[in-house]
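A quick write-up on the structure given underneath.
The letters A, B, C, D and E name the chains in turn, as written, and every chain counts its residues from 1.
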Amino acid sequence: MDLQTFLQQFVNALSLGSLYALIAIGYTMVYGILRLINFAHGDVFMIGGYLAFYGVSTFLMPWWLAVCLAIVVTTVFGVGLERVAYRPLRDSPRISIMISAIGASFLIENLAIVLFDARPKAFPVSNLFAGNHVIGGVHIAAVSLIIPVVTAVLLAVLLWIVHRTKTGMAMRAVSTDIDAARLMAIDVNRIVSITFAIGSALAAIGGILWALKYPRLEPLMGIMPGLKCFIAAVVGGIGSIAGAVLGGLLLGLIELMTIAVLPELTGYKDAFAFVLLIMVLLVKPTGLLGKNQGEKV
Amino acid sequence: MLSIKNLSVHYGGIHALRGISLDVPAGKIVTLVGANGAGKSTTLNSIMGLVKAGGGSVCWNGEEILGSPTKAIVESGIVLVPEGRRIFPNLTVDENLSLGAYARTNKDEVEADRERVFGLFPRLKERHKQKAGTFSGGEQQMLAVGRALMSKPKVLMMDEPSLGLAPLFVGMIFDIIRQINAAGVTVLLVEQNAKAALEVADTGYVMETGTIIFSGNGKDLLVDDRVRKAYLGEA
Amino acid sequence: MNTLQKKPMSRDAMLTLGAAVIGLVLLFVFDSTFDRFTMQIFKLCAINIILALSLNLINGFTGLFSLGHAGFMAVGAYTCALLAMTPDQKATNFVLQPIAPWLLDLHLPFLPALLVSGLIAGFIGWFLGVVALRLRDDYLAIATLGFSEIIRVVLTNTQSITNGSLGLKGIPRYTTMWWAWGSAVVITLFLVLLIKSSYGRAFKSIRDNEIAAESMGVDVFGMKVLSFTISSFLAGIAGGLLAHYLTTIDPKQFIFLKTFDILLIVVLGGVGSITGSIVAAIVVTISMEALRFLDGPLNLGFMVTNGVPGLRMVFFSALLMVVVIFRQQGLMGTSEFSWDSLSRIGLLPKRGPKSGKGGE
Amino acid sequence: MSSLLQTIEVNKQFGGLSAVTALNMDVQPGEIVGLIGPNGAGKTTSFNLITGVYKPTSGKVMFDGKDITGMKPHAITHLGVARTFQNIRLFKEMSVLENVLVAQHMRMGTNLLEATLRLPSYMKKERHVHERARALLDEVGLSAHEGNKATSLPYGKQRRLEIARALATEPKLLFLDEPAAGMNPQESVELMDFILKIRDQFKLTIVLIEHHMQVVMGVCKRMYVLDYGVTIAHGTPEEIQKNPKVIEAYLGVE
Amino acid sequence: SKPATDSDVIKIGVFEPLTGANGAGGADEYDGIKLANKLFPEILGKKVQLVAVDNKSDKVEAANAATVLAQKEKVNAVIGSWGSSLSMSGGPIFAEAKIPAVAVSATNPAVTKGNEYYFRVCFLDPFQGVVGATYAFNTLKAKKVAIIREVSNDYSVGLAKFFADEFVKLTGDQGAIVATSDYNTGDQDFSAQLTNIKKFEPDAIFAPGNYTESALIIKQARALGINAQFIGGDTWDMAAFLEVGGPAVEGAVFSTFFANDVPINKTSESFLKSFRDEYKKEPSAVSALGYDAYLVILDAIKRANSAEPQKIRDALTQTKDFEGSAGAITINAERNADKAAVFKTVKDGKFAFLTTVKPQ
């Protein structure tokens, strides 16, 4: 592989990886606090994309307004989802909550099929993001430049919220010990709602950026990205925000660089994420940056 | 005053509290002693609303608080130092203390209280930036008590504060209980260490398998034969 | 069955035998009177029963969170189809890339093919189990899901063995009513006996408290692997039956979402209840068909709607959520059908045999 | 007589915490040995180290002349070591009888085939373990509850079920972690008699953790005292009661 | 219910994926069928009723849906399904029930092969692959071609193979296919594959696959500075291909069934007009074919002077030079339509007719 091809592949991988990272953060926040694999996260992501689409193409809003509204509505949707599908099960066995998440995911997908139609829609990409840059023979789409920046900014904002604000402190408290958090007069439901709000907003942003990069919407578009980003979060160490970013980048790199180096494996690309996952888990069962929580006997 | 009537709790098939009644007069120290699994922690947890009671009532200054959310109970001035400390190990000492004052809005008062806690436990001040999980058991217990004091309690309930503490610390904890009480805070104390507990208490209740079997003045109970035999390990 | 009959006949054994005979007669009656459609659904019920039971063994009885079932089904389906198809049938399938020569002439009758597909799925299950069962909870769940997807991707890409994405078609329709229900009954019986045996108790002890189980002398890891292997074996059998029921298979249909479908049945029936899995498998399979009218034009009395394709699935998933939220333990919880429970509610003499399959 | 159990310089660290330091225990067959010390002294951890739940950071555990260091718990149980748990660990969803039956699985020596096919060979063993399980439940006074769910039992009875379950594994050496916890004084006295009885009846050697001094002093011939993971004393009850270090760290000044 | 032949209505089953991954294609075909039914609602004095079942893009569901049509609804004939593998899932069921089925756009040879009851009104993949390669070689003068195929899609894998074989034959150069890359259904990032292809500087890239993935591929290729000519198949003939691809797909060429800017006969004209009136949008090729499939069945019923399934089937085999909206249809001995392929390109954001290629 010549240097230019390598650089091109590397840029491709970083661009995909930072998108994975962005979505994985939302996953990891929700999981970190509730220990819930939110299988519906990918569907919330899909809703974000569609809302922005309808904002621009049906209601003819300017794109920035459509994006903001889409994020807000998706956030409300995510908070509502937690209320309806997860809160009643907070003290139930894990499998019940997970089934509820799967059920919610099915419901959202099927509703989307009925409401939005199963046929893919083309996402209207504003000219602002449609450009393309060539730097030293390496082609970089404008969105691919924006995504890592957005991811980095959001990462900083999140780290600030979680580590520097009172609410963030409460989130960390809830995630270690719900009952002890209650004893601190923390309104656990509110904190969980806020977490879901942040997670859903991130999903919406992820969905919109995804649609800008791959301008096609369909009701089932969230399933695979959702699963892969969850894997990214697990690989990085679930519950760790930095881990999610690391996992996302790593996944993007592995997926694309493996193909770059071994083109005959392209057909197996969908399996790379899982192979990475299993290898990491076997070596470090709690993920790269995860903390060990053994059971005291 | 805190008054508990006929409180009853089930965990699935286990009848953990079988209708217990006790009074905690304002400004006093009341202690609850009894064997492992007698239901002492359950009593405290159900007062705090962490465990759902099956029946009975908990009145605080004439108001029924049973069934209120934990948040409201803490804000009304009842605070629990839970069994096993339950500090937040990934958070620093400062953050743990701030969480204790989570519901309070007056920053100056909170800072003043933080200084007061540091005065009580200079050890915490030395290490205020350290993650609490790296503390020794005794230090963690100080933090748990300090954290509770940060919420400016009117009633401080402590669940086995001497658990896992070196005898030296045990003595110190009981001194602090006296100090806190002297500052006007009502204390409800649950202890395995019945001897020390009864020594500081105004009133003692003895629990056994979900019921209160007898009660009385702390000093009287200390010399009570039944107590000596069953809980003080004296023949 | 034999060993059961050797014992002196207790009331329950006689009732069970009676139920079995009535069941057999009914099956025969159904087979000769039902139309093809009803039979088709009826057969699918049996296959779903096997799938639900095998997943319940691992998730419900051994307490291991496994989401890899679709993969083991796929292995079973491919193995069985490739073994039971004649060389001619195979050759016509592999139009793009010829089938591997060693596989072409490998041909077995249905029963041995079915058993081999179970064995191969079981073997793969054993191997993956040894690797993955060191993980717990969610980590195990996501790793097993990963294995199932890896299996699917491999099936897609090994064209000279599986015919890749073209899949296999023209698989002989061997899965008759007798094969489907016969297997379901034998497997149910096997699982009931297994769960009631000392091994079943060991599985349940792992679910209830792993550390205590280990300390009571239960080889926890070995037992987990055993349970995982048996579960994979049964999933493989179900896959084989499915292949010869559909007569055409391809890798796409074994995507991980398939596992979720089965998991839903298990949870609806009650995690850890054989009866529950059976009842739920039948109810879900039938209601998926019965709700089909929702996709077509609806006559609501006051108005007729246009057909809304997908409404059925919306309704179904909403129903599922309602059950999960309001009846978390599923239909049966962890309880099982027993003759005693029938006589307790005074229903015994009138009871039909269908539910009698539940948990003799 | 050779020791049944010997721990040689066993250490255990959790991260930076030294939970057990240089544990040197020596238990002779037929003895009842006590292990006492303040909360968090490392008593339960010592049990966990010997029964294989935790692996020692360093040191050696010898049982019946064999090195069992680092073996899996079920293998150690197989050799004849059984235990109860401080925080009760019953099989919650299973019946009282089943709890005891599970503990005999290992000794049944069946294979999957004969068990599921219910071959006569298996049915014979099955009848045998049922009889034994019922006898054990009778022994601990739980016969009336055999069909109930384990968790439906009151606390004290759950403890007795744990003991019955441990006995079902046919141990030579039995570890009891705070068996009197949650028992009232009357029950505690009965427990003392029960411990002595099973020791004789099942030819057991017993190691006992207990805060209830009356029980410990009553049944133990010898005891070890731990504090912060370190063995601060060992000897007969009389010696221990007089030991100033023990009084300071544990018993308190009367 | 009574057999449909005796009653006043003739039932035609619509066997399509209305939800799931193939939902879009199924819906487009259904549009054409509905239109035909609206325009031609009667034959032999009887009303023709469409009975639509959703096969959910899923093989198991497809088998069930086919059984519903054949056994429960007892339809006289069937139209569908989009997606060859789904058609294959229903095929044996229709054959056993002796009900004729007419595939609209299922181009896989295996659909009709060996199934006496399956017909189709479109051409086949081998033909499409051959004309694609011929076009690339003769018209585009391409010497080096790269292929990027959807490995989990049988259509794509098949077409790629037929194209490659023919292209190698035409150029006489074993290395004429410079690279073959794979991706999976639903993939959205193809940058790694495309970057690999870029190294070989191919004259053209053949990318058979679903229109959305294909549009994204072309878009990403352009963004990576790949200027090679893109060639595709009939699946690109969808409005969404243009929408998703935007300016990037300008100049891409593909073979398809029908060109709506150049009506070939009277039927096309009337179809185009009614379709635009009815749906206020441009028809896709499969809508035209769906329309034709319906008409072909009606024609067969007329010629048979009976709606009995067996008679319809026999009449279908005799279909000759039937003027469909997408060209004349003659059903050959393999029950396939001998039809010409149309080449289209994208010009100014619209599809534009290039040429017609007749079968040899």
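Just so it is clear, a contact is a pair of C-beta atoms (placed from the backbone, for glycine too) under 8 Å apart; a residue touches a chain by one contact, two chains touch by 3 or more.
As the structure is a computational prediction, the values presented were derived from the model and not from experiment.
Peer 1: Which chains contact both subunit C and subunit E?
Peer 2: The common neighbours are A.
Peer 1: Among the chains, which is located farthest from subunit C on the basis of C-alpha centroids?
Peer 2: The most remote chain is B.
Peer 1: If you take the mean of the Cα atoms for each chain, which one ends up farthest from subunit A?
Peer 2: Relative to subunit A, the chain whose C-alpha centre sits farthest away is D.
Peer 1: So, what's the distance in Å between the C-alpha centres of subunit E and subunit D?
Peer 2: 73
Peer 1: When the C-alpha atoms of subunit A and subunit E are each averaged to a single point, how far apart are the two points in Å?
Peer 2: 36
Peer 1: Can you check how far apart subunit C and subunit D are, centre to centre, with Cα atoms defining each centre and the answer in Å?
Peer 2: 42
Peer 1: Using mean CA coordinates as chain centres, what's the gap between subunit A and subunit B in Å?
Peer 2: 42
Peer 1: Pull out every residue in subunit C that's touching 2 or more other chains.
Peer 2: 153, 156-157, 211, 309-310, 313
Peer 1: Among the residues of subunit D, pick out those that touch two or more other chains and give their numbers.
Peer 2: 53, 85
Peer 1: Any idea which subunit A residues touch subunit C in the complex?
Peer 2: So the residues of subunit A touching subunit C come out as 35, 37, 85, 88-89, 92-96, 98-100, 102-104, 106-107, 110-111, 113-114, 118, 223, 227, 230-231, 234, 238, 267-268, 270-271, 273-275, 277-278, 281-282, 285-286, 295, 297.
Peer 1: Which residues of subunit C touch subunit E in the complex?
Peer 2: Residues 35-38, 40-41, 44, 92-93, 95-97, 153, 156-157, 159, 164-167, 169-170, 173, 242, 245-253, 289, 292, 295-296, 307, 309-310, 312-313 of subunit C touch subunit E in their complex.
Peer 1: Could you pull out which subunit C residues touch subunit A in their complex?
Peer 2: Touching subunit A: residues 59, 65, 131-132, 134-139, 141-143, 145-147, 149-150, 153-154, 156-157, 211, 256-257, 260, 263-264, 267, 271, 308-311, 313-314, 316-318, 320-321, 324-325, 328 of subunit C.
Peer 1: Which stretch or stretches of subunit E touch subunit A in the complex?
Peer 2: 18-21, 23-24, 27, 151, 179, 181-184, 186-189, 191-193, 195-196, 198-199, 212, 215-216, 219, 223-225, 240, 243-244, 246
Peer 1: Give the list of subunit D residues in touch with subunit B in this complex.
Peer 2: Touch list, subunit D to subunit B: 16, 38-40, 149, 151-156, 178, 181-185, 211-214, 228, 248-252, 254.
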